[in-house]
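Heads up, there are several structures right after this.
Presented sequentially are two complexes of chain A, the first with chain B as partner and the second with chain C.
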Partner chain A sequence: MRPRLSFEWLHACSGCEIALLNSGELLLDLLDRVEIVHFPLLMDHKYTSRAGGEGEVHLPEAEIGLVSGGVASEEHQAVLRAMRASCRTLVSLGTCATHGGIPALRNQWPIAAALKTVFAGSEGGTAIPDTILAPLDRVYSIDEQVAVDVSLPGCPPRSESIIEMIAALLAGEPFHLPCKSVCETCPTIRTGKGQQKVRRFLANAEYDPEKTVAEMRCLLEQGLLCMGPVTAGGCGGKDAPLCIRARVPCRGCFGPVRQGGNQLLDMLNALASNGMGHRDIVDRRSLLRFSGAHGLLKPLRERK
Partner chain B sequence: MNQVISIHPVTRIEGHARIDIHLDESGQVCDARVGIAALRGFEQFVVGRPAEEIPRIVNRICGICPWMHHLAAVKAIDGCFGVRPAPAGHLLRELCQVLAHIHDKILHFFFLAAPDFVLGPGGDYAVRNIMGLVRQEPELAAQVVRMRQLAQMMLERFAGKAIHPVAGVAGGFAKPMREEERQGLLADSRVLLDFASYALDYAKNKVFSRFCDALQSLGTITTGFLGTVGHQGALRLYDGSLRLMHPDGTTVDFPANEYERYLAEQVEPWSSAKMVYARSWGEGFSLDPDAPRGVYRVNTLARINVCDRIATPRAQAELEEFRGRFGRPAQGTLLYHWARLIELVYACERTLELLADERITDPAVRVPATPRAGRGIGHVEAPRGTLIHDYSTDDNGCITRANLIVGTTHNIAPMNLSVRQAAASLISAGAVDDEMLNRIEMAVRAYDP
Partner chain C sequence: MNPQPKIIAFCCNWCSYAAADLAGISRLQYPGSIRIIRVMCSGMVHPEMVLHALNRGADGVMIIGCPLGECHYIKGNEMALARSEVIADTLEDQGFESERFQVAWVSSAEPERLAEIFREMSGRLAALRGAPQVETIAGD
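So, the complex of A and B:
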């Protein structure tokens, strides 16, 4: 029997699933080796039989389960628990699953405030369908809710990394990402002497477009807030990080370099050690824009 | 006895949804609803952020169409800051936007929708999917997987990230296109255009021809349509005027920044997704299946219906054939698939046109922007329909208010009507089987929600 794979998405955008599909030939090889038993984007396995009651989620057993997205509602919790119960190895796929991701920016507001804003301005008054949504108080990462065996961050993760991880798990081998920062994988020129002020990205970086990324000055040294020092590397594989290839500074989408890291505190330290002030940063808490789960982003009112 | 039949989750769609079909005591359908349960809160959590960062945040609304959100936001932020993008930056944005339509249409038609047609609506669920297609038609499936990947890799090669892009910036684009890159993209675009033409022929000859009745009947309702048109009413995906067509075929054109005069949003207590309706028709909003009011549709069929012509030759020939067969406006819900493949051809042809424009390699791609208080409304045609981003900023150029109308939102009301129509025509005296339920889902899949 082929090894069984099960996929779920919770508070997610489907970018992780699209990253898997972007692997092309590698995807075709994978499909040849495994049986996919549950994958709402691609196949018709349902949570319950049509006569089934509410609340019960039945999922088929699988050797490997991959879950993208964070946990933001009671339904997400139910689906996640069913995945944990039915999968021998559970993978948190993508930064929303591992660190909350962009949707965890919601954690800066109480849930009632977010509901009021989103449903404002409607012609029918301010009826809020909150019974349907059953939102949790905040957005959680997967590991805050259930035990996770393997974490693969990235917004989205690199296509090849997803395939490599699945292949390693199928072969019974451990899978570890190299513990390198974006900076350690970035070929730009660093001199150690850069701008002392951080500027907003309102004009392009200075570089010669006919020359390679390796011939461009480090964006942080150019005064652009680049989160390379405090962000897990690997987005570009063996080549330059993806945003840097677009000549755009890193915003931290792979989460902290080490699982328990705090991108905000780490970045303020990195700026200090580069002799750069942090007072010019508008909206400092945005430094946690990909890693606001684990209680790192909280409503402002609680921060007196 | 009253009974509720649930389809949960609706599968092979690009998001999370469920269907609840209510049967009365005699087993007839008395109501059917498509529920989309998601509260992401983007309109809340963009508040206070520097506006130039927004295109890198809101792209996470959708991992399938992140370029659409990225670029609608970039255009809106241009508006907030009062900056006119550099001409080459403008062209590069459109290039990325039409390229992003290509992978999306291949994904939707072949990976999500085609299994119903090729493997049959009543086939075993375990094989009625792309994996089953790989086994039954390995050469076609391999080609589909490769072409989708090619379209995505063209974006990644040029713009760094294909999923959750970063290269669109206030005032233009983050990097210019080198001549060598242009040549490479041109060669790949020709491959994609050949595939698009093949895909449409394949669909017409081997797929749609076997479902002639269903194309005109399954989930079919009568509504208005909304899309975007350019010069002489030509189909546009990247920019142009909005055109709202009444069910009787009459149209009104308006600029996107006047959307609030023509469209209005409403919250229904049973749906977490807001509904949008045509305010300018002055009839209010009702989902009464016998007399709906204010309901219009967006996405491929809508765009194909509202445009007067398509400015590229192969797609124009296909439009003429489509109109000859189905009239204007065409109301058949499954015709969304046909229209989707016409747009695939257009997107490939438009990519070639843009790459042939020598101005696209101009190194001046960005005009520096200055933060200021303002309001900007940006719109594009996303694969799933008209996408509107509306932001206001304070003196420091930080967001004070956001309103987002995403493609699928416009289609929530008509999807509900289509599902109700499909359920009522398929289910009688309480008799339900898996094929019927999948056919009801096909009415949702056509909208590609």
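So, the complex of A and C:
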């Protein structure tokens, strides 16, 4: 029997699922090697079985379980626990699952304020529907809720990386990211002398489109806010990081280099230590745009 | 709860730690809840070390280096100054009052001043009352 694959989504946008489906011929090879037993994007599936009681979630057993998206409601929590119980190896796939991702930007406000803003009614009232699922106090990453065996961040992860990760699991080999920063995997030219000011990415970087990325000047040295120094590398596989390939500064989607790191603090520190103006950044809290879980983004305390 | 606020003070080896040494020899009085951590240079204190101390229950953190312009490593305390701006700016984002952090410059011949800023910091934190919320960062 082929190993079974289960792919659940929680507080997610389906981008990670699309990334897997977008892997071309690699996907056909994968379909020969695994049996997909649960994949809400592709096939309809009931979450409760006759054996289970009222409201109890039951999912089919699988050798490999992939989960994309963070945990934002009690329903997500129940589904995630069912995934953990039914899967031998649980993988958090994509930045939402590993670090909270974009949905965790909500953690900047208390849940009541967030709901009030989203479901604003007429005449200043609110129109929060009765059917809304019980939201948690904030958006959690998967590893804050259950034990996770393998993590692959990315928004979304590169198709080839997802396939590589599944192939490694099928072969019983460990799968790790290189534990390097984006800068360490970036081929651009660094001279050590750059702009003292950081500017917003309103105008393109300076480069010659005829030449390769390796002949382009480092984007941070050009004064663009590139989060390469504080972001885990590996997004481009063995080649240049994906955003840099598109001549765009790194947005930080792989999360902090070190587990438990804080991209906001690290980035400002990196700028300050090198004499760059860290106060030029208009909205510094958005540096945690991809890693707001783990309690890093929190509502500002009210001063008495 | 401990009546005295717990303070972590990063002191540089060349000036402020020597001042603390001299304060001890001179039997100057300052609150006993201050924990001095000797570092070679105030410029080596990463903002994450400060945040880590606060997350783990310290009431306040101080970075104390040589007077500006007199750094043993020429420019180390200027880096400490730049880094301390980052800390001061982001402390509120991380859910802590900005008063919980202070940077100061003390030469090795100023033990009275060191004792004075220790007392001031301790008093300020006592006024804030209550320790910061203790939250552990995953992965530590």
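Following the convention adopted for this analysis, the second predicted complex is superposed on the first by the 287 of 304 C-alpha atoms of A that agree within 3 Å, B and C clash if a C-alpha of one lies under 4 Å from a C-alpha of the other, contacts with A are read in each partner's own complex, and residues count from 1 in each chain.
Note that a contact is a pair of C-beta atoms (placed from the backbone, for glycine too) under 8 Å apart; a residue touches a chain by one contact, two chains touch by 3 or more.
Computed from a predicted structure; not experimentally measured.
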item	value
Chain B versus chain C as contact partner of A:R289, first or second or both or neither	first
First (chain B), second (chain C), both or neither touched by A:Y47	first
Partner chain(s) touched by A:D143 [first = chain B, second = chain C, both, neither]	second
Partner chain in contact with A:L265 - chain B first, chain C second, else both or neither	second
Chain touching more of chain A, residue-wise (chain B, chain C)	B
Which of chain B and chain C A:W109 touches, first, second, both or neither	first
Which of chain B and chain C A:A72 touches, first, second, both or neither	first
Contacts of A:H278 with chain B and chain C, given as first, second, both or neither	second
Chain A residues contacted in one complex by chain B, in the other by chain C	none
Interfacial residue positions of chain B with respect to chain A in the complex	5-9, 11-16, 35, 37-41, 43-45, 47-50, 52-53, 56-57, 60-64, 66, 107, 111-112, 125-126, 128-131, 134, 141-142, 145-146, 148-149, 152-153, 156, 159-167, 169-171, 174-176, 178, 264-272, 274, 285, 363, 365-366, 368-371, 396-398, 403, 432, 437-438, 441
Chain A contact footprint on chain C (complex, rising order)	46-48, 51, 79, 82-83, 85-86, 89-90, 92-95, 97, 135, 137-140
Touching residues on chain A, where the partner in the complex is chain C	143-144, 258-262, 264-266, 268-269, 272-273, 275, 278-279, 284-285, 294-296, 298, 300-301, 303
For the chain A and chain B complex, residues of the former touching the latter	9, 11-19, 21-25, 27-28, 31, 36, 40-48, 50, 52, 72-73, 75, 101-103, 105-106, 108-109, 113-115, 117-119, 121-129, 132-133, 135, 155-156, 200-205, 209-210, 242-248, 251, 253, 282-283, 286, 289
